[in-house]
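Multiple structures follow.
Same chain, two partners: subunit A is paired with subunit B first, then with subunit C.
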Partner chain A sequence: MRGLSTGRLTALAAGLAAVAGLVLLPFLTDSFYTFVATRMLLLGLFATAYNAVFGFGGMASLGHAAFYGIGGYSVGIGVTRWDWPPLVVLPVAIVLGAAAAAVFGIMCLRVRGIYLLLLTLALAQAIAGLAFYQTEWTGGDNGIPSISRDGLPSAVREGDGFYWLSLGVVAVCVALLWMYQRSPLGMSVVGVRESEARMSATGYRTGRLRIIAFTVSGAFAAVAGVMEVYLQGSVSTANMHWQISAEVLVFAILGGARHFLGPFLGAVMVTGLEVWVSTYTDRWMTVLGIVYIATALFLADGVLGRAGWAVRRAKDLRAGPAAAPAAAPKDRTELPAEAPA
Partner chain B sequence: MLTWLTHSVNGLAYGSLLFLVASGLTITFGLMRTVNLAHGAFYLIGGYLAYDLATDGTDYWLALLAGVVAAAIGGMIVERAFLHRLAGRELPQIVLTLGVAYIIGDQILANYGGDPVAPPTPPGLEGPVTIGDWIFPKFRLVMIGVAIGLALVVGALLKYTPTGAKVRAAVDDEEIARAVGIRVPLVFLLVFGCGTGLAAFAGVWGGAFTSLAPESGFEVLLLALIVVVVGGLGSIGGALTAAFIVGLVDQYGKVWFPEWALFTLYASVAALLAVRPSGLFGKAVFR
Partner chain C sequence: MQFDMAKVRAAAAAGAVLLLVAACGGKDPSAKGAPDGDSKATGSKGSVTVGLLNPATGPFAALGTDVNAGFEAYLKSKGGVLSGYAIKVAKADEGTDAAQGTTKARQLVEQDKAQIVIGLVNSAIAYAVAPYMEDTAKVPLLITVAGADGLTRKQNGNTFRLSYTSSQDSMPLGPYTCKDMGKQKAVVLGLDYSFGWEAAGGFARTYEDAGCQVVQEIYAPLGTQDWGPYVNQVKKDADVVYVVAPGQDGVRLLKAYRDFGVKLPIVAHGATVDETILATEGSSADGVISSLHYTPQIDSPQNKALLDAADKGGNQYLEDGWAAGMTLEAALATIDSDPTPDKIRAALAGVKIEAPRGPLSFDAYGQAVYPVYIRKVEEKDGKRVNSILTSVPNVSQFGTYDPATYLGFPGYEKLKGSWSK
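Moving on, here comes the complex of A and B:
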């Protein structure tokens, strides 16, 4: 293994161990924790998809529950009405989610910052209003119960099998998002975040890039919504609730929106905390509120941002007292300011 | 003909309720540029406290006052303890105030349960008024008057009094305002308290109008946010106009196309914001 430094080897070993742990997880725990792990994976995918707009696109959306819910209702309506197999549901959901997200992107071309936040919220509420009042299609407030997984191959229909299916879907989607983010296209979206004026002066069509970021994000958010509804077996207006949009925003901030896997980590942390706290008390929402407050006050750059800062500082301390102290973390997640006209 | 009059006045009355909620937000969000998603939670605090006291036999106006004062103090505590640390950073403000709202909503759920409660209608305003053949609840008519009155009073306070001038100065240029001796942190603290106090007043009256439940705080919050943004941040007159329009659109939407009710409301707001981000009467671009 010449050419690989020890640091790389350690990273490779850690990566392999993580993959092995994820694959073997159903053998290590009981069915309840496998269910929890499935949920973590799906919410993690949702958060990673969200970050294509938020962390990398620099647009704080408060409307992603719409795409997540569109994915969910695609399953609910497709399976209960027409017995669609997953191989039909999934493409339909992706197309619908991407189309809705493209509309969001187009509508948001002229707004920045807090206005973008409120506009995405209003758009998502309009779609949630459809889910609520188009009762003939959506079952209104009751939603669509008992959605069967019979269309899935029997090997991945229940419990452990469904976990592996989710793991596969999430792995493929996260890998695709990673490739997108590293591609020239994804990098130019980051460029728009950094300076829209410069990007457009260099000849990039920044509006189009913003719409693309929304579209990619919406498509993958819909996939997460599809899998979540297969997992839960029902879909209701709760899948479209704007608090889901807020939750995914907090996942991203808490984990670290400037890091690709930060939002995933945030989703895993909050979901894990919910399971753990719920064994002690019914007042989960109060605990969640405290988490939100702590995130806002102390973790504006996320857990990963903080960890990176701590590592840098430790290195500086080791370098000796003469070395300059580490600068305060710079990658705080701020609402992007309005670009100068 | 009379049905349409009833629908219209109903829409205006609902718009007035929205303005009562939004008036506090216009001050804290529109003027101070502090995003407070816990506004609906202070609405609940006022409503539930007044309900509790009034059903225990306290005088109605005393109960109302207690609710308003409690929410104002609660708001000032949140501002002083947390929010002032996040000045100018909207995203953390959103997360923080949402956390505060979750805690308050959850504690209300724990103490009062999830069933809707309604604070009593203010004494003297029960029952209907009859004008010719037309019958309408007196309380709702008075609400429209109160909303217009409140808009005039708040607008005049900001525009013509020395205190209002200080507030506007503190908002426009904090450093210069400090330099000329205005105690900006104190001004912000008091303004924020006024905002949450107004939310509580809206909670007591709005609760009598539509009844209260732990989740109704967020429902009114979303509509009030829309009113503030559609009206143009910081514009009291704009907020009043937007509140009446939203109230009427909501009412007629429910009557004409019930299956599209929320969609028509939010979609038209979204369309307006997409084309004119600064709202109907907003001039200053938000940073």
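Moving on, here comes the complex of A and C:
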């Protein structure tokens, strides 16, 4: 077994242990924590999808609630009106989410930074407005309740089964996003983030790349929205609320937007913190607010960014005192490109 | 001037920690366990865990706090024991969206083992929580504020509601305005969302069926800051304006109405002038006639007990919480031992109590039937109050209509805009 160094073996073992832990989780906890874990997975997928635009595309969107909500309403309307099975709902949601995201991308071709943030927010609010007032279709502010999971195979309809279904869907989607991000296409999107001028001078059509980033992101965000609504059994305008867009932005920054799994980690941390703190105090929002402030102050490169820095620094120190000063410049916190100040 | 970044950060961190400590200091003493002082209460028949699910954050936090306070005040007045069962209270924050609401409902049922869940203000969250309680948890849900008509449309379910359906309390006002007040032509002025359409619809239906005409409908978005353009549209040749705008919208609407000098008398849904905002509305609310199932002016020993226990004066939300306590007590009185959620559900269906609002029972759909009061805002001892003009007994969610006929009507969201045609 050449090529498998000790380090790689450790990583492999850790990976296997993590997978086993995730699969066996329903046996290790009670039904409530399994439910919370399902939410974490789905929000993690949403955050990972979001990061295709934010961390890797360098575009701070504040409109992703629209794609998430479109996924949700696809389930709500499809299932309650026409009894669509999941295998119809999912493709429809992906197409709708991707199409909406493509429109967002086209509308945002000429804006950058804070203006992109405002424009995506405005577009998403327009879609949320539709959801609020088209009561014939969406049930208005009351939303669509009692969305049945009967279309799902009975083994994965409830509790633990649904957790495993979500785990499978999330694993496939995250793997696809990983492959996209590592592909020449994904890499050229990162190139646009780094220097749009240089990319277009080299012959890339940067506008198209930006639209592609949005489309991919929107499609997977819609999948997360679909699964979340199957989990909750209802969809309402809250699924399109701009706070969802803001939350996913925080997930990405907190976990580390420059790292592929950073946003996923951020989603898990915030969701967990939310459930845990709100069990003990009504002022849980204050606590979350402080965490957000602390993130902006100390963790602009996210938890994973900080961890990476700590590892590098430890290595440098071990390499000898002479090498230590070299670690100093890495102390700088790196914001994702065009992150909102 | 040069700052030492490390010191600045240390200071910021210290500040953040202080804030954090201050924030956690807000923990309610009864967030887990029974209310203050009664945590050691023991019941002769055992104990029951009650999940209180009301908003502690977001725009409805004040209402949620009042419902909780009403319930706990009743519990305290009984020494923490209802019908021989020691009541353990587990409280959770309903929050502002369905995801948070259902997560907390699950926590109450699956971790705290609540045998009944009481609360819910936001109708969208109630719509999300109710199917979970019905199909998965099989634990009865007693709604105390959320008003959407559709929540109590299923017979023999396990959803019960003490508070109004959005149209229920406005239905007695239609015939009153048309016949008793003799106002033949009405303008409807309300908020453009489900509660607004349902409340206005309940009024418009009964008003037109009594033989009068709605001549105009004006709806404004939730959170309208400037009501000038809307009150200005009111047709001057109408006889009366029906207003439905709870909360701060009501405050701004009434102010604009008076500022623009609209002279038509106002009839309103009771939530437009309830005690939570009446003081803020001040003189702009004078003379408003409204319908609601409660006013602190009710002269009964049951209401006096509530007003004595609540140090800030009564309002409909405190009464909802208080009545929830009474309802639970009455249900538990019929259970001799082992109060499973199923037994509590069955017992709730047969509950008849004398609440502060008056005689209260549930219909086959779990919705409360109670008297509705036609009230008028007046100044009394330097304070504005909703004094009682008359009351209509036994108002159900179907008004005076046959349930089957009523359920056959199209939803109020479809009828919005059609009343004036």
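The rule we apply is simple: the second predicted complex is superposed on the first by the 324 of 341 C-alpha atoms of A that agree within 3 Å, B and C clash if a C-alpha of one lies under 4 Å from a C-alpha of the other, contacts with A are read in each partner's own complex, and residues count from 1 in each chain.
The criterion applied here is as follows: a residue touches a chain if its C-beta (ideal position, glycine included) is under 8 Å from a C-beta of that chain, and two chains touch if they have at least 3 such contacts.
Note that the structure is predicted; figures quoted are calculated from it, not measured.
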Clash or fit (per the criteria above) of subunit B with subunit C on subunit A: clash
First (subunit B), second (subunit C), both or neither touched by A:L297: both
Contacts of A:F32 with subunit B and subunit C, given as first, second, both or neither: second
Partner chain(s) touched by A:G272 [first = subunit B, second = subunit C, both, neither]: neither
Subunit B versus subunit C as contact partner of A:G161, first or second or both or neither: neither
Partner chain(s) touched by A:T286 [first = subunit B, second = subunit C, both, neither]: both
Shared subunit A contacts, counted only where both subunit B and subunit C touch the same residue: 132-133, 135, 243, 282-286, 290, 293, 297
Subunit A residues within the subunit B interface of the complex: 60, 62, 107-111, 113-115, 117-119, 121-123, 125-130, 132-135, 242-243, 246, 249-250, 253, 282-286, 288-293, 295-297, 300, 333-335, 337-338
Interfacial residue positions of subunit A with respect to subunit C in the complex: 30-32, 35-36, 39, 132-133, 135-136, 140-143, 145-146, 158, 228, 232-239, 241, 243, 274-275, 278-287, 290, 293-294, 297-298
Partner subunit A, residues of subunit B touching it in the complex: 35, 82, 85-86, 89-96, 98-103, 105-107, 109-110, 218, 222, 225-226, 229, 258-263, 265-267, 269-271, 273-275, 277-278, 285-287
Touch list for subunit C against partner subunit A, complex: 9, 12-13, 16, 19-20, 23-24, 26-28, 31, 56-57, 92-93, 95-100, 102-104, 106-107, 110-111, 123-124, 127-128, 130-132, 136, 148, 150, 192-194, 413-414
